[in-house]
Amino acid sequence: MTPSMTTVPPLPPIMIEPLVRAALQEDLGRAGDITTDAIVPSALQATAMLVSRESGVVAGLDLAALAFRLVDPAITLLVARPDGGAIAAGEMIATIAGPARGILTAERTALNFLCHLSGIASATAAIVASIRGYPARIVCTRKTMPGLRSIQKYAVRVGGGSNHRFGLDDAVLIKDNHIAFAGGITPAVERARAAAGHLVKIEVEVDTLLQLQEALRLRVDAVLLDNMAPEILREAVRLVDRRAVTEASGRITPETAPAVAATGVDLISIGWLTHSAKILDIGLDPSPQPA
Amino acid sequence: MTPSMTTVPPLPPIMIEPLVRAALQEDLGRAGDITTDAIVPSALQATAMLVSRESGVVAGLDLAALAFRLVDPAITLLVARPDGGAIAAGEMIATIAGPARGILTAERTALNFLCHLSGIASATAAIVASIRGYPARIVCTRKTMPGLRSIQKYAVRVGGGSNHRFGLDDAVLIKDNHIAFAGGITPAVERARAAAGHLVKIEVEVDTLLQLQEALRLRVDAVLLDNMAPEILREAVRLVDRRAVTEASGRITPETAPAVAATGVDLISIGWLTHSAKILDIGLDPSPQPA
Amino acid sequence: MTPSMTTVPPLPPIMIEPLVRAALQEDLGRAGDITTDAIVPSALQATAMLVSRESGVVAGLDLAALAFRLVDPAITLLVARPDGGAIAAGEMIATIAGPARGILTAERTALNFLCHLSGIASATAAIVASIRGYPARIVCTRKTMPGLRSIQKYAVRVGGGSNHRFGLDDAVLIKDNHIAFAGGITPAVERARAAAGHLVKIEVEVDTLLQLQEALRLRVDAVLLDNMAPEILREAVRLVDRRAVTEASGRITPETAPAVAATGVDLISIGWLTHSAKILDIGLDPSPQPA
Amino acid sequence: MTPSMTTVPPLPPIMIEPLVRAALQEDLGRAGDITTDAIVPSALQATAMLVSRESGVVAGLDLAALAFRLVDPAITLLVARPDGGAIAAGEMIATIAGPARGILTAERTALNFLCHLSGIASATAAIVASIRGYPARIVCTRKTMPGLRSIQKYAVRVGGGSNHRFGLDDAVLIKDNHIAFAGGITPAVERARAAAGHLVKIEVEVDTLLQLQEALRLRVDAVLLDNMAPEILREAVRLVDRRAVTEASGRITPETAPAVAATGVDLISIGWLTHSAKILDIGLDPSPQPA
Amino acid sequence: MTPSMTTVPPLPPIMIEPLVRAALQEDLGRAGDITTDAIVPSALQATAMLVSRESGVVAGLDLAALAFRLVDPAITLLVARPDGGAIAAGEMIATIAGPARGILTAERTALNFLCHLSGIASATAAIVASIRGYPARIVCTRKTMPGLRSIQKYAVRVGGGSNHRFGLDDAVLIKDNHIAFAGGITPAVERARAAAGHLVKIEVEVDTLLQLQEALRLRVDAVLLDNMAPEILREAVRLVDRRAVTEASGRITPETAPAVAATGVDLISIGWLTHSAKILDIGLDPSPQPA
Amino acid sequence: MTPSMTTVPPLPPIMIEPLVRAALQEDLGRAGDITTDAIVPSALQATAMLVSRESGVVAGLDLAALAFRLVDPAITLLVARPDGGAIAAGEMIATIAGPARGILTAERTALNFLCHLSGIASATAAIVASIRGYPARIVCTRKTMPGLRSIQKYAVRVGGGSNHRFGLDDAVLIKDNHIAFAGGITPAVERARAAAGHLVKIEVEVDTLLQLQEALRLRVDAVLLDNMAPEILREAVRLVDRRAVTEASGRITPETAPAVAATGVDLISIGWLTHSAKILDIGLDPSPQPA
């Protein structure tokens, strides 16, 4: 595990609480947990363990803990393996103790956050590991689940990746359609530069080395080298010669990532980390001796 | 494609509009689409096509259309392949026409809904197809993305699957932890039956045939046969003898589904349809001649 | 009072807090409690009692307590007679202690919840008592106050009743208009069965014994016997012969309920419990010696 | 019907839309109207009539119409008897036409608003009629259903009544508890007057004629004569001699109202109009020949 | 500083919390405080002082304290100079202690509330001071910042001013356009009186002494003397002769206020207190020795 | 007026609608516009003009138009002088036509947005004009009104200014407190660079030329030269020599701006544009002949 993984700052509670509340309300509906309420005595206390069924990287414990706490403030969650921690199959992530009803009621909501975010962190960590030794960084995109962008991008950071834009408003990314509608790279960049604030960077998507040279002449901050074969990428990196950040994109997988990283690009952006990552399978096991 | 796929009723706009608004606001942030606003002339009109890069089943066109319309009511979307329609790689799903700015601004939000929901529908349709000829139905679970349950379950229906519970409040599902906390299947079922309304069904998770027999004696509506090998499942189905709905679960994949379906179970529930399905890769291509 | 009344599980705080916040904000408006703020010294402490002016069943103490606590966390509410408890005229339900301003400011909001929900619970308990000895259960309907369905149905449970559907989405109830639009009971039930999930029950409204026989042939889970005279009801129950749950409806009052229950129906559904129940008159009395 | 009833200005849509949206979402839940969606063909058009089962005064048609329109904008509602109109049992209030699915899906939400508000308007009109000839006006209180105050008070106006305070912030009402905590009427009124804005009136609750005289000396705008017998009320009105508005309160019913009005009080305030009024029973009947 | 300034009751937390949450979320965006999170160690504790750069009156400390607490509940704020307190340039208002990250993250949101509200309170106090000795009170208007009316009007009270209407619904103010559309003052007042509740006062804007006389004949509660020169105002006050509250308005500044107050009017209403007041410049200084 | 002013792209309706709805609801309260509803006949149509009482730059017409339309969709607003247009005292900005009630009810909300945003645009335009001829741009800060940041920053753009950060999350701005807590500029910048995404720029506040040299060695994107006298600023600009963007800040006014601009800095940031700008006084005049 790299040290950077263990030091990703948490999102402040005020950012995650609305998401957790909404998820609980989605699950509780209009009648609450009718199974647990009918079956489990209200005074029963229990303990349970969050255990991973597979190896990976944990992310989302703050959200899981908040889910339990919002259902019943008497539930405590003791973290053994914090966000960013590598976990092996069968290892325990945290212990939970408190009223049994609340633990069962919040279980699915807590796990839905934890498994999804840990899935993203684990996929990110795997691809980060696959290019170890190369300078390239892994970045995610705006191809996220509606409503979950902040926490998905947090999970990418936890996995050792970096974040691309968070929205349409925090950086200029000129894509092929913009170029087509503007009539070329040069007018597109010039208009963007005239409008952009001084802390807004400009990145341009280029499909050919000719386009790349045009973008470099305009001194853009970054170039998105879309769907280029490794040998073209290598030539592009050479052409750029550190005058701009270079970003490679286009369905890059853990298998193809090393070859891309070997071209010397600065960034490899991967949409599927946030739109198609599998969950990390984490379960809630009642511990042998309830408190 | 089965006819049933083409007749899944749409969700009313009042149910999807809050999701689409929130997703657009997440992307627009505090300054809107600074790239498009700077580069694309406000009067420019454009047309574009939604084209699938791979074969699958379309789901989510209402959400995509609403994303465009909420950004600019002047944008129209003409559907060629409605929700539930099978699509081949390279085929067109819909055409879009209207102000170029709005089309580019709404593109990613529209695609995020459409690709995700079509991914779920396509994965569902694939596994449904894999068990064709068997009576079993494919059902999804509560392992969903926080906030997106309604539309994810809709996508499962579009793909030819059915829905399990929508929340903790619309049916009783007695799981292993409930049984453990209640001190057995019998007290658990009896308590649930005493509390449940007359339109609430009761399903019990059983891990062994002995537990199954206990559940059957209690005349539950459905039994969840968790993680049983096909031969045990077959024996369980025989024991049940149509006295309850039988549901098999436990990491069932398109590869293992036929063997499970062959046991005669009524339902096969699959969590990964909603928590780990890959997107269907759909892109927005400006058409050759802008209007 | 039956023991079942005292064991209705409370709704989790996350479900009731948005309602209490909204009610307080509705009352506080844009300037807060200008009377109390002007008149009552901020340091003044007080105690008060919630006292019922009439006999009935208490419901809604969690909402009342939350109203006081949200206005001032220093206010405590000590419950003498919890939800489900029978109360006589003049009896004390709870004592309240804390800053005088907060007690007066939250009083009306707390009482509006408590009196309304106790009114529903009391009306339910009265009609439940009127049919004691018969197996029939009292159920409420979807004829609820907009926005208050969850807590109104909770109050019915507290009063010893059961809940019918919570919404349009948690069970199939085929009414006369559906049958008319479908062209008959048979096509209506068949279409519903094809679409419904395995945990969704199907109930059909029938107006005649002929319709009832058709419904029974389709093996529906429940039949709604609408507006039938007791002698017809009795014949219907005989015809059903426990093959379906039988529900009687149609302006049933405490006076007419015993005759309906005597027919042997399983359920008696009553809309006015939630749309027209009178409040239970509960007042807030400052206690003789303020703390 | 008095002309004033027909001229109550409607609430602007922006005030009622959030309530109607929330009510529909409460009913649609996470899966929508599964009965109608399964049974009624999507292309089917229908007409229906809103018909009153009993005589009364209509209120809430704007909310009902909005419920239908929000479910399907193609539904139209043609009003025959607008808000404020007297209606006899069996008379038609409005006709509805459009897609059959939407009409059935929105029916209950529309009726829940319409029946409840018409119930309030009808109860108000009845008590207003009972005191015809006396100058007294009927007013409602803050004893309202949480979240519904604006529309309940609107219904009171439609029924010919007037509104008391809308919240804690729009007028000063000094009640017995305030007086007790302040140490008397005089300090209470003086503090309130020092704090109140120039458009804020001051009303004081008095339980005795002695208190009344103290209040009059302080030149308050109105006096709340709580739970006084008619003969005391009459004496109080004489004492006031038009120097303040006089309001009688205390469980006044249609039976006791005339005697109260005969004392000459200006206002009779009645909490049960908004906390315990029965609905006006209005139903939705499909018309004989669907369009 | 007058004593009244120190006794303005605080707004209850339930009224201010939504504003503070929304402001923090506006600033945190989708990624939180990326500067502080990257630079400041998470374990670092700090202390800081809120210090005014100029003299004035403090208002808004509850909102500032809540901003810090919502970002990190471990942050404490110790008030030296509460709302309503006069402060000199360089004086300390409060000390803050807790995790350094949270202090820096919440700083701007806390200051935005505190500086703006203190600016309003200070401007109000200045103009109140300018007319000391005259009976006139300073009142604010509905010309407020959208969404901030409650707290802006609170700040006016803190500064020693009073509040005019809080919205369109809590008093009748008949302006020139209403009079024009009604066809005169008399029909306007008569219609308003017929519709208004008994706790609703009626104020009329008059532009001439002739209009004033018409309004007085109608016994309105208050008259708004708009844009009258001091000598006309004086004549108006004489005409009114205490039969109505007199309010002067029309771009009154600290320079012109004494002359207006000298006319004997009861109220001077000033829109710029809430729409154009400058902030009070308050800064956050880390104290010399961090804890 | 520079051409750039007339071409600021509008904010999409989805971004401004929540603000306008909330502002209207704040003003309508629980009873709506009781003055207009009582006095103005519902069928009366009217026309009116938005007229500026002083010269300036218009901003916010979309919000004003939306306010009228949300109150009554039948109201139309015809723009004569769009956002960014220079206006002289007495000139007309737009004409409004439609139901008289809606025009009066929405008037204040519409004007509150329009006057405030036009005030910001006008103040920005004035200071932009004061430094014409110099290359410096005027930028605003995060010192904004809570909840209004997006539209205030839009108004700055309309006035010819540029925007600094929109929140804590879209760029790194290392201020004096960060430097103090990090133990120097170098560790602060290094930590920020390690954490920041590739499209995130880094700006550092420097108080001395020594600090400036340290920042330049670290190749930051921008330097904030806080509270430096013009001669020091000039030396700083010389030292920077175009290696970073230079920003001057510290209570710069229209009077002092030219001297600051003359130093050659790239940016002049001004907090008071958004926290203390006066409104532009715009009024609504009914036109002579109502339609």
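Here the chain labels run A, B, C, D, E and F in written order, and each chain numbers its own residues starting at 1.
Everything that follows uses one rule, which is that a residue touches a chain if its C-beta (ideal position, glycine included) is under 8 Å from a C-beta of that chain, and two chains touch if they have at least 3 such contacts.
In this text, all values refer to a predicted model and were calculated from it rather than measured experimentally.
Q: What is the chain whose Cα centroid lies farthest from the Cα centroid of subunit F?
A: C
Q: Given the two chain pairs B-E and A-E, which is bridged by the higher number of C-beta pairs in contact?
A: By the number of C-beta pairs in contact, the winner is A-E.
Q: Same or different, please, for the subunit D to subunit E contact, judged on whether over half of the interface numbers appear on both copies.
A: At the contact between subunit D and subunit E, which are copies of one sequence, the residues are largely the same (over half shared).
Q: I'd like the Å distance between the centres of subunit D and subunit F, where a centre is the mean of that chain's Cα atoms.
A: 44
Q: Please report how many Å separate the Cα centroid of subunit A from that of subunit D, as a whole number.
A: Whole-Å distance between the two chain centres: 52.
Q: Could you put a whole-Å number on the gap between the CA centroids of subunit E and subunit F?
A: 22
Q: Going by the contact rule already set, what residues in subunit B reach two or more other chains?
A: Answer for subunit B, listing residues that touch two or more other chains: 26, 28-32, 37-38, 105, 149, 163, 166-167, 169-170, 173, 194, 200.
Q: Show which residues of subunit F lie in contact with subunit D when the two form their complex.
A: 21, 24-25, 28-32, 37-38, 42, 70-72, 101-102, 105
Q: So in the complex, which bits of subunit D are touching subunit F?
A: 9, 11-15, 149-150, 153, 163, 166-167, 170
Q: In the complex of these two chains, what residues of subunit F are touching subunit E?
A: 19-20, 22-23, 26-41, 44, 46, 100, 104-105, 107-109, 111-113, 115-116, 119, 142-149, 166-170, 172-175, 177-178, 180-182, 187-188, 191-192, 194-196, 200, 272, 275-279, 284, 286
Q: Applying the document's contact rule, which stretches of subunit B touch subunit E when the two form their complex?
A: Within the complex, subunit B contacts subunit E at residues 26, 29-30.
Q: Using the touch definition up top, name the residues of subunit A that touch subunit F in the complex.
A: Per the touch definition, subunit A meets subunit F at residues 4, 137, 139, 162-166, 169-171, 173, 194, 197-201, 203, 221-222, 245, 247, 266-267.
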